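Pasting the structures here.
Look for chain A in each of the two complexes below; its partner is chain B in the first and chain C in the second.
Let's look at the complex of A and B:
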């Protein structure tokens, strides 16, 4: 019983930080702060994955998202501003429409959740799932797994092609 | 009151709506991309929560790993496009980028 109470307390802590950082992403005036808020959200969600006994997904989340995607976003922010702009503005427009629509949508989702038969019973912890994920990736999901690697190669080349500066013929040589 | 599957689903719903509001209100292209990441994370949280509570087994987590890989790929391509737009227009405000050619 003690362990469950501790897990519940941890859930509320991480849920609060997730929503707090997500609010920062949605409403902070500075784009850099929004990107750092995304980093906090992703870390909190990774901790929630840990609480859900999804150890492999939690580590993947931290390595790929926090270590890769957020850094990429920060590079994107710094590469797409003029150097003389001290603050990168990230203004919100139409928020007086978007926020009420979002609240209505949230109400609809909550209504759907509360009126559907979701099992409330706690199931026994399954333990670490890394071995099972490995078996699934190299068994049932072998083809998607290989397709993902082809996609990553295509993305590598495509991003290089898109992001390079065009060299004009007269500048060459 | 102990934490159940419903708590995770509600949290994911809040995250999804926040991502959608970000998507709708931001005018900086990178801000819009941040909203997309929030939405993808809400979906991932749902998948892992269902998997933990005995619905679908380990497949939910496998699917989450795929989604994370595709989200990374999507971010790379989108930021490359944003850089190309910046070189061309000298701005990344999505309102001002209205031509596909020249």
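Let's look at the complex of A and C:
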């Protein structure tokens, strides 16, 4: 029982920090602060994974997102010339439509989640999950795993197509 | 071996993309046109389509080992995959001479097109929602970039950004729906979800709120992809701003894939018999979407002045008819209405042809395709005008063309599903088709009966000429599209039969769950020992035939599994098999023929 309440307390702490940081990402005026908020969000979500005994996902989350993506993001912000001068005006267009719609969606989702019993899955004994995940990825989920590599390739190419400096005919010769 | 063979269409499509990328690098930067890349892409996708049609319809006779529960391959998937791949090939051909005129890099473009088709295949053939989501993302991410690929144009950038943001929103809705379905049933694969819901529906009513909300979220997501009406706002802008070959691909392939998955998802997951107690039944939701989509698409189409926008609204309206077809299932069989695949085929052929003509006309400079630019087309380019005539009349549903047969069969099937109460909706749909005639005929009016106005000053070029570019590959593509529209209208029998057999395979029955289910989290007992395919006799014969070949393979696999298991045991990990979805169904592999087990060592 003791462990139960401790776990609950931790869950609520991490959940609150996730939402709080997410709000910071959305509403802060400065890009750097938004990026830091993103880091906090991702870290909190990683903690939630850890709380659920998903050790591999938790570590991956921290290494890839917190350690990689957000840092890249910050580098991007810092290295872009005069990005601080750009007034980030997250102009709220149509908020009088968006807010009610969002609230209704939230209410519906909350109602659905609170009113329906979610069957509890059988809890496996906690243990390292990495080997199991690896086997699943190269066994049953081999094809989706390979499809992910196509996703990455497509995204790289798409970014290249959109961001590459245009080679003008006169520059060529 | 079977699995690799069954993957072949997907592998060929992905391989085409990689090949084109390599050829692009090897051919050097100075090659100004690089047209052959598009031809290679089209050829690769066509090969993949042929493979899909030959391999997949008979696939239940094969036994899949590791693809089980990941891919479903049957006549339904084969039909839609071939349609998607053919559209991709047509778009690649249309793009060959379009891209250099617009200053778009052909290598990356064609590669992305091939990857998008790959993703669409995975999307259509997915047996579980994770693979489905991945396929959707590959398909969509590539198209986002393609839509924005003309970097000199603000419209194209706007189109790409709009499509990206709204598509991301749609993906989020899809994920929410997937999560809710998983929460409600503990299963991620379609058959398992259907089985879970069928079981859950008999118990307390509160159970149903979660799948109900999931249904709405999934409908929203798929509605975005097929451009159904409350979620259509992006369509005209994106179709107008994107390069026209991409528009043809979006209106054809993405919509076909979206409808394939929409019908499979809705009909498979929400077929529980006692489902009527829902506050909003799936049928009501679909019907509402269908009627709204038809009416709004057609009415807004009437007031447009740009050919691409007219065709965009036409594609929205067609989504409405198709939704009506998906809605009207026969209550006895609960199978997909067999007019739907044929209708999609006729629609895709016609719409690709029409956008193909537009892509030839609008290739030079800014793609301004307001109606007056078509004036005098029949004099300047009689063949192009004829292709446009065939395709537009087919879209309108005029008798000798495919669109008519499509509409006729669809409406007939809708009526047959429930003669008494469906009359209203068929009448609504027919009235809508009449409204649609106005804007279709308007296109033809300009193409055939208006002379280019001679305006003084700068407007001369804009008012008079939309000069067509010469492009043999594009001519081939639109020629095939026009001939297909004729063929479907005059000799529809063969394709009707294909459509019927595709439709009959659309619903994955929950009793297949034994074969398809993952090690289901809810019911560990269901992680079945032996697969129970759809047609036991056929598959058993195939199994006997393949037994010799399989024995050798199983021998090595068993060894590998044994070694793996030993290692696992050493780690003393004691997770019971079947408690976690991502675990491979290890016990069932041991059920493979033991005869070869010794000889392999």
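One rule holds in what follows: the second predicted complex is superposed on the first by the 122 of 173 C-alpha atoms of A that agree within 3 Å, B and C clash if a C-alpha of one lies under 4 Å from a C-alpha of the other, contacts with A are read in each partner's own complex, and residues count from 1 in each chain.
In the analysis below, a residue touches a chain if its C-beta (ideal position, glycine included) is under 8 Å from a C-beta of that chain, and two chains touch if they have at least 3 such contacts.
Because the structure is a prediction, the values reported are computed rather than measured.
Shared-chain residue A:39: touches no atom of chain B or chain C. In the superposition on chain A, A:133 makes contact with both chain B and chain C.
In the superposed pair of complexes, A:115 makes contact with chain C only, with no contact to chain B.
Shared-chain residue A:142: touches chain C; no touch with chain B.
With both complexes placed on chain A, chain A has more residues touched by B than by the other of chain B and chain C. Shared-chain residue A:157: touches chain C; no touch with chain B. In the superposition on chain A, A:66 makes contact with neither chain B nor chain C. In the superposition on chain A, contact is made by A:8 with chain B only, not with chain C. Within the superposed three-chain model, A:48 lies in touch with chain B and out of touch with chain C [touch as defined at top].
Looking at chain A, you'll find residues 109, 113, 118-119, 122-123, 132-133, 136, 141, 144, 148, 151, 155, 158-160, 162 touch chain B in one structure and chain C in the other.
Those residues of chain C whose C-beta lies close enough to touch chain A in the complex are 7, 10, 14, 17-18, 21, 29-30, 66-71, 103, 105, 108-109, 111-112, 115-116, 118-119, 122, 130-131, 134-135, 137-138, 141-142, 144-146, 148-149, 151-152, 160, 176, 180, 183-184, 186, 206-210, 212-213, 216, 518, 521-522, 524, 564, 568, 571, 573-576, 579-580, 582-585.
Remark: chain A residues 108-109, 111-113, 115-119, 121-125, 127-128, 131-133, 135-136, 139-144, 146-148, 150-151, 153-155, 157-162, 164, 166-167, 172 touch chain C in the complex.
For chain A in complex with chain B, the touching residues are 4, 7-8, 11-12, 15, 18-19, 22-23, 25-26, 31, 34-35, 38, 41-42, 45, 48-49, 52-54, 56-57, 60-61, 64-65, 68-69, 72-73, 75-77, 79-80, 88-95, 97-99, 101-103, 105-106, 109-110, 113-114, 118-120, 122-123, 126, 129, 132-133, 136-137, 141, 144, 148, 151-152, 155-156, 158-160, 162-163, 165. On chain B, the positions that touch chain A within their shared complex are 2-11, 13-22, 24-28, 30-31, 33-35, 37-38, 41, 44-45, 48-49, 51-55, 58-59, 61-62, 64-66, 68-73, 75-77, 79-84, 86-87, 92.
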